[in-house]
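Report on one structure; see the data block that follows.
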Amino acid sequence: MPPPADHVEAVDLLWRYAFLLDDDKLEEWVELFVEDCVYQILTKENLAQSLPLPLVLCDNKDMLRDRVQSLRQANIYNIHTDRHVIGLPRVRVEGDQVDLSASFSLYQTDQEGVSRLFVVGHYRDTLVRRDGNLAIKQKDVILDTAGIMTLLATPI
Amino acid sequence: MPPPADHVEAVDLLWRYAFLLDDDKLEEWVELFVEDCVYQILTKENLAQSLPLPLVLCDNKDMLRDRVQSLRQANIYNIHTDRHVIGLPRVRVEGDQVDLSASFSLYQTDQEGVSRLFVVGHYRDTLVRRDGNLAIKQKDVILDTAGIMTLLATPI
Amino acid sequence: MPPPADHVEAVDLLWRYAFLLDDDKLEEWVELFVEDCVYQILTKENLAQSLPLPLVLCDNKDMLRDRVQSLRQANIYNIHTDRHVIGLPRVRVEGDQVDLSASFSLYQTDQEGVSRLFVVGHYRDTLVRRDGNLAIKQKDVILDTAGIMTLLATPI
């Protein structure tokens, strides 16, 4: 049974993860990760077949910074706002490490004001403690479909 | 770190909020609020621009009572049932006050039995303790779109 | 106020329930139930009218085993993967029994990679302790619509 304190803090981190994305605070979102982090987007199908070729792979924090900068300055993509609805999480404390898993649905609202389901999937997070606070060591975003690949712009 | 007791009670209140709406128990739903409450529906866009003109504003409990009564007796609107799926919440205890925030997706099911996404957004609640129990002092319902404005009937 | 330990364990069980279904681990899913269990799928409308004729009723674990076996070997249905997004839960501890209730949205992704809302509703679970662990004594799956009846194949 995880101590309530770690449990609450881990869930709080996941809450902030989603709210920073939904509020387009991408620079603050990057700060949830440690320097030697891994952020990857996979598909459920590939994972089930042990073919974990990611759709997106950032294996350190500079790659995340770079991605945010290119979103801000270079990329052309459909303008939208995001809304993550994250389902109930499971938290496991293993020594200094906290594992977190939760399903999510992600909705996008376009400039006409129409909200649509964008993608569903689940998160598999590994959290570690840095300077007293939990931070993301690894984030696997596992999508139920690869059908949105060409539309991937903002982080999920 | 919030004490687990307040955390559980705050989440429980939000759970009841949604279930009372989804079960069409609007009169009981009103009883979750204190007399000098604020209930407002805003859009994310207005909030981001510091233009918080609400789509709906009830700034005391009598206005909520009135709204429920007019839904029961006067209003004509599309008959449906609601389903709120509320994502993982963040709870903050500040002295006697509890702040709560969570994203949600709201589905409506019409009389033909078709369920559709109605709107997504997030809640920002301020809870206070009255007679020993937490109750809603302020509820901001922040929608990702203003596109449903003409369809607003039952509370969100 | 439920003790945090039971609360966490009950939510953990519901998390596993959903993840086993979403990972197509139906045989492991069955093992979450006690032998003398009840699993039923109802509609909100019937429940509100006290007409609880279930769409599906399995009133012991062998019926669940049988259902999984027929899904594996006999049934012909649209191939898909599931994604349950379960909203914030309420947990009540009553002596040796734990009651759990939560809304959910269920998405299906077809072989073309298109994800769609399949159904929304809520769970009403009764959990009991067997050999030290919580297990499902009764699971009521209450759907907001009966409109999907002919498409019911995999458990919800």
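For reference, chains read A, B and C in written order, and residue numbers begin at 1 within each chain.
Rule of thumb we're sticking to: a residue touches a chain if its C-beta (ideal position, glycine included) is under 8 Å from a C-beta of that chain, and two chains touch if they have at least 3 such contacts.
Worth saying up front: this structure is predicted, and the values here are computed from it rather than measured.
*Asks:* Shared numbers divided by all numbers used: is that above or below half for chain A and chain C, i.e. same or different?
*Replies:* Different residues, largely: of all residue numbers at this interface, under half are found in both copies.
*Asks:* Note the rotational component of the Cα superposition from chain B to chain C, reported as an angle of 0 to 180 degrees in steps of 5.
*Replies:* Value: 120 degrees, nearest 5.
*Asks:* If you average the Cα atoms of chain A and of chain C to get two centres, how far apart are those centres in Å?
*Replies:* 27
*Asks:* Scan chain C for residues touching two or more other chains and write them down.
*Replies:* Residues 4, 85-89, 102, 104-105, 117.
*Asks:* Which residues of chain A touch chain C once you look at their complex with the stated criterion?
*Replies:* 1-2, 4, 7, 44, 48, 85-91, 101-105, 117, 119-122, 144-147
*Asks:* Note which residues of chain B are touching chain C in the complex, please.
*Replies:* On the chain B side, the touching residues are 4-5, 8-9, 11-12, 14-16, 18-19, 22-23, 81, 83-89, 102, 104-105, 107, 109, 112-117.
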